[in-house]
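Think of it as A, B, C and D in the order they're written, each chain with its own count starting at 1.
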Amino acid sequence: MSLSYKPNEMMTIAAARALRNDDVCFVGIGAPSAACNLARLTHAPQITLIYESGTIATKPNVLPLSIGDGELCDTALTTVSVPEMFRYWLQGGRMTVGFLGGAQIDRFANLNTTVVGDYHNPKVRLPGGGGAPEIATNCREIFIIMAMGKRAFVDKLPFITSMGHGPTGRERRALGVASKGPTRLITDYCIFEPDPETQEMTVVSIHPGATREEIIENCGWTPTFAASVAETRAPDALELEVLRDIQARTKAAHGG
Amino acid sequence: MSLSYKPNEMMTIAAARALRNDDVCFVGIGAPSAACNLARLTHAPQITLIYESGTIATKPNVLPLSIGDGELCDTALTTVSVPEMFRYWLQGGRMTVGFLGGAQIDRFANLNTTVVGDYHNPKVRLPGGGGAPEIATNCREIFIIMAMGKRAFVDKLPFITSMGHGPTGRERRALGVASKGPTRLITDYCIFEPDPETQEMTVVSIHPGATREEIIENCGWTPTFAASVAETRAPDALELEVLRDIQARTKAAHGG
Amino acid sequence: MAKFLDLASAVEEMVHDGDVLAMEGFTHLIPFAAGHEIIRQKRRDLTLIRMTPDLIYDQMIGMGCASKLIFSWGGNPGVGSTHRIRDAVENQWPRPLAIEEHSHAAMANAYEAGAANLPFAMLRGYIGVDLPKVNPQIRKITCPYTGEELATVPAIRPDVGIVHALRADREGNVLLEGITGCQKEVVLASKRTIVTVEEVVDDLRASSPNSVILPSWTVGAVVVVPGGSHPSYAHGYYKRDNSFYIAWDKVSRERDTFLAWMEENVMSKGPDAFAVHANGGAA
Amino acid sequence: MAKFLDLASAVEEMVHDGDVLAMEGFTHLIPFAAGHEIIRQKRRDLTLIRMTPDLIYDQMIGMGCASKLIFSWGGNPGVGSTHRIRDAVENQWPRPLAIEEHSHAAMANAYEAGAANLPFAMLRGYIGVDLPKVNPQIRKITCPYTGEELATVPAIRPDVGIVHALRADREGNVLLEGITGCQKEVVLASKRTIVTVEEVVDDLRASSPNSVILPSWTVGAVVVVPGGSHPSYAHGYYKRDNSFYIAWDKVSRERDTFLAWMEENVMSKGPDAFAVHANGGAA
């Protein structure tokens, strides 16, 4: 008997699976936070989650609405100042994984969360980079979670807020950045990984029920598919239950 | 009836009197620590004493042997890390007074606590600068407490560990250092203050019973006396009692 | 030594038109009551500095207090846009707003450098990104030992720094606990400072010898405003009002609903209006 | 994740001949037991880093473990000289000792830069003094905004960092409290680390949400050595043995009394010998 679930749930669950028990993860708010906590509550109970508000090894019972909800501090091993967080912990190179989302992404996993249109005369002003520019280079590798769509997956970014593999896929290495950059892009249709040669994000796994045509349709560039594309394992009952549980607790807690 | 006391006690008491109730004082170990705590226990109960171990607004009952005795932390308002102490508190420019001692001093109140003889082939290796080089420039003014003698009060320092007014009295200003530097030098015979023109440390007050001849005899340069030289007020009963009390408690506590 | 003042007097004395003003609190302890007082006193041409402008600057900018914003992430956390800031940037309403934009890491370092009395901060950052192309304050320096290049930003040294804290003792020593953000740095980096607190107590009840405490002589004015951080929160006093953040999206989306809300909840109220939130239960 | 090891195994695994080794603890929490184990294991050619070499490096240098010392204040605090260090510097006994000398401010900043993964530290320091003339590692940098010159020193990134802490939990998370010195920085700046602790407990008993805690995954080896900081001290466990510091002056003044003391108290003992000091009463 197959379970019923939404594409968004598949995305979060696929993202959670990418995390390992011994990861030290710098968590962005929203979908990354849901994925990281799902991992912690299922296969990776020892994972260390760190939020930029300074909370280290936090174990929230409800998902925070903001990056600094009291729940994060109350359940943390310890909480440090924000300058210390960015200096000793992020720049210190202690994070194995940085988990990012964004408004727009290109084929080399560069992200834009700053502006659509001209920077000085914007069409749409987005929130800005926050921690992302330094998360992108100081974590050992980057996972990105984003729902697909032509306005989000674009051929050319109007602004690079945080670097993936660079505008042509070569700049990251050329700049001498030692960390790996985006190694996985998890969407609501599929999973991308960088091609070892070109660094272009390439479809390596398609979620059950999704098609190549849908992926092409929702992507602003012509996506490349790996020689061998897997089918993503469908969510199992435990994954769905834990995810829905924490989301229900979260909704009740935030009273939104 | 006059009280009996030692020159060393007069020195500590004269130094304590220089401190004000609203001073924030960076305290060196030894004689400075005794003077600062004597001030706190007599005329300056609100004085803020800070030790480089990170202890802020500490109120020790016994004088610490080291700069980081537990007593300092136990009685402090709060204790910060040593990098924070040197960055936010000392370099931050928050100290009104830095209190220093030294092995050797010259007429412009430059201090040597590093080496006698050639640096690379030393005759006597002294402890080194510790906090002094930056205390000397980052505190608003500097008080120095040192017992006189020809080996300590020298015509030319073999090594400048911390700057007073500079080798010729002009360098401090020329380097653009905004803080005042040494404004008072308290010894077991007298008190020196810098001449407003030349910055040479000049005798402005002689302790009861001490003579100009003794001062000249115990000074490695020919000391200048101010046009009007005062007589230092002798220790009063309270000052002596409090000083001897804390020193007795200290001796008992350290078991030395 | 810190002076104990009421909020109106503290803002009158410390905050002037044209000041560079930093109001910090990273999600936690955001000084909303002080922001409202600045709006009521109609300060103008402020340069506002905050890593996350949050609703407090959305309100101040929407009410016309600021001519410039220095920031690193400008949304309503977990909800969406700060509409009033967007309206100012995109449509110059109610007045034009210049922006100077950084990353969180750069701003955290810039506060740290300000507290440490350094003229600038350096970081391993801004690599391969576009912000340095549009922000000339982001520069480079070369390590004198390894030849590596590092990004630099100017230290933040505000005219005025305002933070909210948990409590003060009778001498004006101030205790912070929980998510302390950049609040210590802001107070130490600013020329003048206001600290609003939940309460004044005989004993600070510092839980650790290493508690985050600002000595009285580092603080300009201490102002007691129970609940003064709402809809942000105060660790151990009351929780973040996440439902308010969610509701703000609708209030702030249009100019008229925003102005009506401000009239009702800010212009015609005083700091006492925050007290009701102090009784919202322990966080 | 931190491994729980006995002291001999931890030193064997982590500390090698020729290593750059920092053992910190600013008066408080100096890791004496670990120093003694290094002496027993006869490590050689170490570059030793400590702000205040204190008796621990007097002992290690007197026993011939080091070829270089990086420091900022080299006395026996409140007592006088560290005679064994002086003998090494002045008379090359038992072997020559190169020195690299800094100020406290510079070293504190250099540890901080190491923890922050920066290649160097900058400070307002070394103004008008002679140390830069004899230490070529002290250099200058110009502020890209104001043109001011600041002093620089290289970041400290030791091969091995060793500190003593109060306690660890069963996962290897480590708690510090009281005078924490540069200990967090040393652990975060070092490639390999050993943390000796007074005890292992089920619950760290952190008194504050902002307690100074090193997560298990930042620590290489955790070693339980009750009393392992004596004659330094452990906040809440036992006090500084000031009389030992005073007595050391006489023990260390002559080579033969020093060697006899080391034979009796270090070479023929093990880490268990420190346990007696753990029962000296709460600090």
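Just so it is clear, contacts are C-beta pairs under 8 Å (C-beta built on N, C-alpha and C of every residue); 3 or more make two chains touch, one makes a residue touch a chain.
All of these numbers come straight from a predicted model, not from anything done at the bench.
> List every chain that touches both chain A and chain C.
Intersection of chain A and chain C contact lists gives D.
> What's the chain with its C-alpha centre farthest out from chain B?
Of all chains, A has its centre farthest from that of chain B.
> Counting C-beta pairs in contact, which chain pair has more, B-C or B-D?
B-D
> List the centre-to-centre spacing of chain C and chain D in whole Å, with centres computed as mean CA coordinates.
39
> Taking the mean of the CA coordinates per chain, how far is chain B from chain D in Å?
About 28 Å, centre to centre.
> Which residues of chain C are in contact with two or more other chains?
Answer for chain C, listing residues that touch two or more other chains: 117-118, 123-124, 178, 180, 184-185, 209-212, 235.
> Where in chain B do residues touch at least two different other chains?
Residues 73-74, 79, 87, 91 of chain B touch two or more partner chains.
> Assign the assembly's chain-to-chain touch graph to one of these shapes: line, ring, star, complete, other.
Graph shape, chains as nodes and touching pairs as edges: none of the named types, so other.
> Which of the chains are touching one another, listed as pairs?
Chain-chain contacts present: A-C, A-D, B-C, B-D, C-D.
> Looking at the complex, which residues from chain D come into contact with chain B?
26-28, 51-52, 71-75, 77-79, 81-82, 85-86, 89-90, 101, 103-105, 108-109, 111-112, 123-131, 134, 178-182, 184-185, 212, 233, 235, 239-240, 242-243, 245-246, 283
> Which residues, counting only chain B, touch chain C once they are in their complex?
Touch residues, chain B against chain C: 22, 24, 48, 56-57, 73-74, 76-80, 87-88, 91-94.
> With touch defined as at the start, can you tell me which chain B residues reach chain D in the complex?
The touching residues are 29-30, 52-55, 64-70, 72-74, 79, 81-83, 85-87, 90-91, 114, 119-120, 122, 124-134, 136-138, 159-163, 166, 171-172, 175, 177, 253-256.
> Can you name the residues of chain C that touch chain B in the complex?
Per the touch definition, chain C meets chain B at residues 1, 115-118, 173, 184-185, 188, 206, 209-213, 215, 217-218.
> Using the touch rule from the top, collect the residues of chain C that touch chain D in their complex.
Going by the criterion above, the answer is residues 117-120, 122-124, 137, 139-141, 143-146, 148, 150, 152, 154, 177-178, 180, 207-212, 235.
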